[in-house]
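In order of appearance the chains are A, B, C, D, E and F, and numbering begins at 1 in each one.
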Amino acid sequence: MEAGILTIGALAPILVVLAFILPLLGIFIKRKVFFHAYAVVVTALIAAATTYNLIVVWREGPQLYAFGGWPPPLGISYEVDALGAVLGALTAWVMLFIAIYSCWYMDKETGIPYYYTLLLGLEAGLIGCIYTGDAFNLFVMLEVLSISAYGLVGFHRGRAEAVEAAVKYGIIGAAATTVYFIALVFIYGSYGTLNMADLAIKARVMAVATPFSGGYYGNIAVAAALAVALSLWVFTYKSALFPNHFWLPDAHPEAPTPVSAALSGLVVNIGAYTVMRFLYTMFGSNSVLTVAKYPFRDIILWALLILGIVSGLVGALMMIVQEDIKRLLAYSTVSHVGLVFMGLSLGFSTVPLAATQEALTASLYHLINHSVGKALLFMAAGIFIGIAGTRKLDGLAGSGRKAPLATAAFFIGFLQLMGLPPLGGFFSKFLLYSAFMEAGMPIVAVLVVIISAISVLGYAKAMYSVWFRPPAKEFKNPAGITLPTAVVLFLAVVCVGLGIAAPYLTSALSTTIANSLMGKGVLSYIQAFLKTINYLSPP
Amino acid sequence: MRRAYKYAVLTAMIVSTLALALAASAGGLGYALPFPAVRNLAYWYLRTTYNPFMPKFTASAPEAVTAIVWDYRGLDTLFETSVFFLAIIASMALMRGIEVRAPESINLSKYGMSAIVKTVTRITVAIILAASASIALHGQLTPGGGFQGGATAAVAPLVIIVIFSLYFAVGSGIKKKSMLTLRTLGLLGIGVTSFAVIVAGLILGKAAYVFQNQPKEAAPIGLPSHILGVPMGGTLLLFNIFEFLAVAAGFTIVFLLLSVPEESVRKVLEGGEGHD
Amino acid sequence: MTVSESEVITFIIITLPIYMAAFTLYAVRALKGPTIPDTVLAIDAMTYDLAAFLVVLAIFFRSPILIPTAIVLALWVYALDIYVAKYLESKEMGE
Amino acid sequence: MIDVNAFLFSVLVFSLIMNLGISLYGIFWRPSLVKKIIALTILGDTANVLAIVVGYRAWIAPNRPPIPPVLTTWKPTAADLSKFSSLAVDPLPQALVLTAVVIGLAVTVFLVFLTIQVYRLHGTTDVRKIAKLKG
Amino acid sequence: MADRLVKAVGPAVLAFITYIIFSGSVTPYDLVTATVVAVIVGLLVANLMIHNPRKLLQVQRLGWLIVYAIRYFFIDEVKAHLDVMSRIVRPSMPINPGIVRVPYYVESDYAMTTIANSITNTPGTVVVDLDTERKIFYVHWINVKALEAERTRKEISEVFERFAKRIFD
Amino acid sequence: MISPETLVFGVLAALGLISMVATFMAVLERDLLKAVLFSAVQSTAYAFMFYILMAPDILLVYVPVAVGLYPAVILFLIKKTERFEGGEEE
């Protein structure tokens, strides 16, 4: 074990530094092509680096990068386990396609350097949130992510709805992250550390003094419960779980279309990922939150399960009554986030570990399917909106006939989210269903099916409008849509691939979950931390 | 009636605060007083921030807070700066295309506040800038640092804009573009400094870390720890200088954008651009 | 002549309550108003008093490094006065 | 028996918690966006004070207060160092608060620009009126 | 540029002194950084602060400034304090407040500001407004003794003006 | 004789209560200009708390931000929008 893998540590810092330069270049360079190329090259490099990280982590187990050469609880560390590596690679690759798509979408807009700066900032925030091994650094990265997101949502400054959505999203979001800061104060006050691996040790082994951070202060069970409850409010806000979903249907559609894809496809993942980190890695099933006197963890998980179900139902039902295609897709995000949270809440102390693992696998698999599918749908919808000049489903009627290839991709995306057999969405939903059956909760399992069934109506409405309905007026033949069509077609192929490779993917993702969130995985997460401490401590 | 209601609520809150405090101090909650000793982690920070007896395990800055901010937890601070940067960029994106133009044949003395205030400000600006530079340059020795200094320095452009008017500020070189350039250079300085040691390590073929400052057992290279007989904390002094520039310029951009007259903004917005 | 420790402590014990009373009275005036200049003036008086007192307290806390904070506090309240005045007298803050 | 010091310290803590509550009320239920932003700044500040309170330490004697985490000598002996770590307050919360203050400021600045833009487009900063305008 | 360099001398000295006082120490590090900061700050604010750099080089102006400072704080200030105190303490409160016009005849802004600040800083008189075109201060006076412009000037600001002229004009 | 420790803690408690009243008034005040000034009172109380809690670094960053920049930015905002919460009635 040498200095650690540089691509893990340097990724996010280099990304923001590269974003820093853009506005300055914007003063001197007026050609838009330059900025498009810059963004695509940078995101491609990041995608390559995250893939490399994924390979290394897959082969060698969790990797830890200690910034400044300080042993972890003293300094900040990035700790990437299998789950983080998978999600990091997913984020970077989807972001690459979003950047490519932006080349087409943003070409007619002003303020391109600002746009790409914020987009790269968003990516830095996403990668940082996923890779970080420090709870306070997570707060900072959440803010990097959020401020870019607020800025991008309000980017169409002439649209009253966009600015209003951004301000609503921003004010409540800022309050939410402050609440997370308060949760961190509780955590530091009682555990005396902010490192996730260190917290994972201290939350499990009651009488322990870890290197550097020592023991406990005060009543740790109550403090942990308070901290987890407060921080879960924030994470569910970030991923728009009911009842914190109110901002999403306004904010996501009003953003520029590539950003809608990024927000719906990637930003909501962060909430789910951080909840997994908090409830499985740090305060897991054998932690202080589950001791007989304080069964807080089960209560929290039950609450998440119920909220997940409600969220799934509300999203699916609201989808049916939408008249605006981007709003429809936004509500679909609410519904799918509900499904993901249902999966990750199946970690009660009464449920067999195999079922928990299966549910978490389903959650992760569904997260991936949803990211790819939703990014594809938003981008394809952007093409149709470009043709029809409106977002209303009535106005879009028949617009898909002018772009048949994009329409094909669009259909594949819908079928993916709907959960039709050859595609990935089916397998993840089926896995979720069987996990609940295995856990002895058939009612919840049936609810998964019901949510999917309701959402079919909404999807069918959109598909019908775009292709089958006769056009209300004659559309011009679209020009220059080769690039976006290529992007959505490629993503459609990925969707199909996610379905075809389902058996392999299921086992691979199951291994991922086992290697990161289940007992063995948490142990290796902690071991990497202890090994680094030993390596870096003074003699 | 409403007023009475308001004061009743306020009184109730004060009384309940006192009652809760009474309950807590009587032992109703876990603890009511601060702990007698700092947490173990803090003990390590206090022991290692400036410690000549552990040359391979110190940040070499007597100021523990600055040492944590820029060395132990330097990554946080880099991203904190980027949050501020992104907020400014997002604001500039909202105000894109809006330039400050002084009215034709402008008589600067007609704008701004009275001549007495203006004259006093002429002197205070120099004092403010010198004091803020002192805060920033002594960041590794006494309380203060790049951000504190930069925020204090930002008073200077702010009072110039408020007292002398925006047009005077723009005329005397406080422009959006130059401030953006300064800000970017400051940030790039921070970026370069955080990678300085690792680049040196790659060249020398030695192990090093991002954000490394002083030599460590596992990574035996670092920046010098003293300058002219005074601790400079390796990278900390550089970080403070760059952060000072970046923050002062950033605030100036914010105030330049905020003080653009509303009429000229409306003219640009009604030009009919920015629609989906 | 050196000031002994107990003298410092006695001094603080006497001045602190008086000072706190002044601080509270200023706060009451600032919160009651009734006009904006009243409030601003009360905040001014409060903060300049505070700045002076911070220097005295630094002696009690045995930390001379605390003194620059007082200067910065005074500096910023000066700025606060200026822009409230500007707000009250002009149409645009930048003109 | 009630410890007076503990009582006074708890008054501080609970009034901060009350402040959190008041500012959350301001953020969620006051109609004006400007008021929401003011409440947001208060919320952030209060969280910061709480963090600093957590990092405070008890006095070692009734007339020996803690000192700031800044070492004043540049040629410390071992005794100086151990005296320093037995008197200084916790520096970590201070560093965290420094970060949080800047972040809060950045977000506030951007929200101010957004609110101005809302006023330009809607002619009001009252969320109830904006909701009515939207229909 | 050369002009700017000459102008920068004054502000630089001011910045240097401020920096050293604020730092509270004079190690070589402080002196070096203070010099660098002073040069930069001096160049930055040169045009803002100084209009006529040659005045700064005339040493007698500095001498007058010191004389004025001593006289102001030990004679005028004390006299004004005693006057106001005696008015407050006496039970009859012999005050006659009002706002009067006070003209001034100095050229530079610094001189004008010196006079205005001196008036405001002495108890009993406060400058509430000024008219730079007609060169008049509007002064709130605790005990109005006269209304005619020249007599108010004689009562309130003559001494200040004499010194301000020597120092700044 | 009261010990200095009790006195200093008493100051903290008083500051807590003052800041609470100021926050309350700031949040409920309809005149936004006054609300900003009340929040400045609260900031001053907090600044003093930071000082007593031995955080001069935070004081140095908090005072510019909360006493200086927040009121400035919000005054600019109020100048550009409206002064009274709920419309210009009073």
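One rule holds in what follows: contacts are C-beta pairs under 8 Å (C-beta built on N, C-alpha and C of every residue); 3 or more make two chains touch, one makes a residue touch a chain.
Keep in mind it's a predicted model, so treat the numbers as computed, not measured.
Enquirer: Out of curiosity, which chains are bumping into both chain A and chain D?
Expert: For chain A paired with chain D, the chains in contact with each are B, in label order.
Enquirer: Between B-F and C-F, which chain pair shares more contacting C-beta pairs?
Expert: By number of C-beta pairs in contact, C-F is the larger.
Enquirer: Using only Cα atoms to place each chain's centre, name the chain farthest from chain E.
Expert: For chain E, the chain whose C-alpha mean is farthest off is A.
Enquirer: Let me have the rounded angstrom distance from the C-alpha centre of chain D over to the C-alpha centre of chain E, please.
Expert: 40
Enquirer: I'd like to verify one number: the distance from the centre of chain A to the centre of chain E, where each centre is the average of its C-alpha atoms, in whole angstrom.
Expert: The mean C-alpha positions of chain A and chain E differ by 63 Å.
Enquirer: Nearest whole angstrom, what separates the Cα centre of chain B from the Cα centre of chain D?
Expert: Taking the mean C-alpha position of each chain, the two centres sit 16 Å apart.
Enquirer: Provide the C-alpha centroid distance between chain C and chain D, rounded to the nearest whole angstrom.
Expert: One centre to the other, that is 20 Å.
Enquirer: Which chain E residues touch at least two other chains?
Expert: Where chain E meets two or more other chains at a single residue, that happens at 22.
Enquirer: At least two other chains touched by the same residue of chain D: list those residues.
Expert: 5, 7-9, 11, 13-15, 18, 22, 37, 53, 55-56, 63, 65, 67-70, 72, 88-89, 92, 94, 96, 98-99, 102-103, 105-110, 112, 114-115, 117
Enquirer: Could you say which residues in chain C touch two or more other chains, in rising order?
Expert: Only 9, 60-61, 63-66, 68-69, 71-72, 76, 79, 83, 92-93 qualify.
Enquirer: Mind listing each pair of touching chains for me?
Expert: A-B, A-D, B-C, B-D, B-E, B-F, C-D, C-E, C-F, D-F
Enquirer: Help me check something: in the complex, which residues belonging to chain D touch chain B?
Expert: 2-3, 5-11, 13-15, 18, 22, 53, 55-58, 60, 68-76, 78, 81, 84-86, 88-92, 94-96, 98-99, 102-103, 105-107, 109-110, 112-114, 117, 120
Enquirer: In their complex, what parts of chain B are in touch with chain C?
Expert: 111-113, 117, 124, 128, 131, 135, 142-144, 148, 152, 155, 158-159, 161-163, 165-167, 258-262
Enquirer: Using the touch definition up top, name the residues of chain E that touch chain C in the complex.
Expert: Spelled out, the residues of chain E in touch with chain C are 22, 24.
Enquirer: Within the complex, which stretch of chain D touches chain A?
Expert: Residues 20, 24, 27-28, 33, 36-37, 40, 43-44, 47, 50-51, 54, 92-93, 96, 99-100, 103-104, 106-108, 110-111, 114-115, 117-118, 121-122, 130, 133-134 of chain D touch chain A in their complex.
Enquirer: Which chain B residues qualify as touching chain D in the complex?
Expert: 13, 16-18, 20-22, 24-26, 32-39, 41-43, 45-47, 49-53, 62-65, 67-69, 72-73, 76-77, 80-81, 83-84, 86-88, 90-91, 94-95, 142-143, 147, 230-231, 254, 257-258, 262, 265-266, 269
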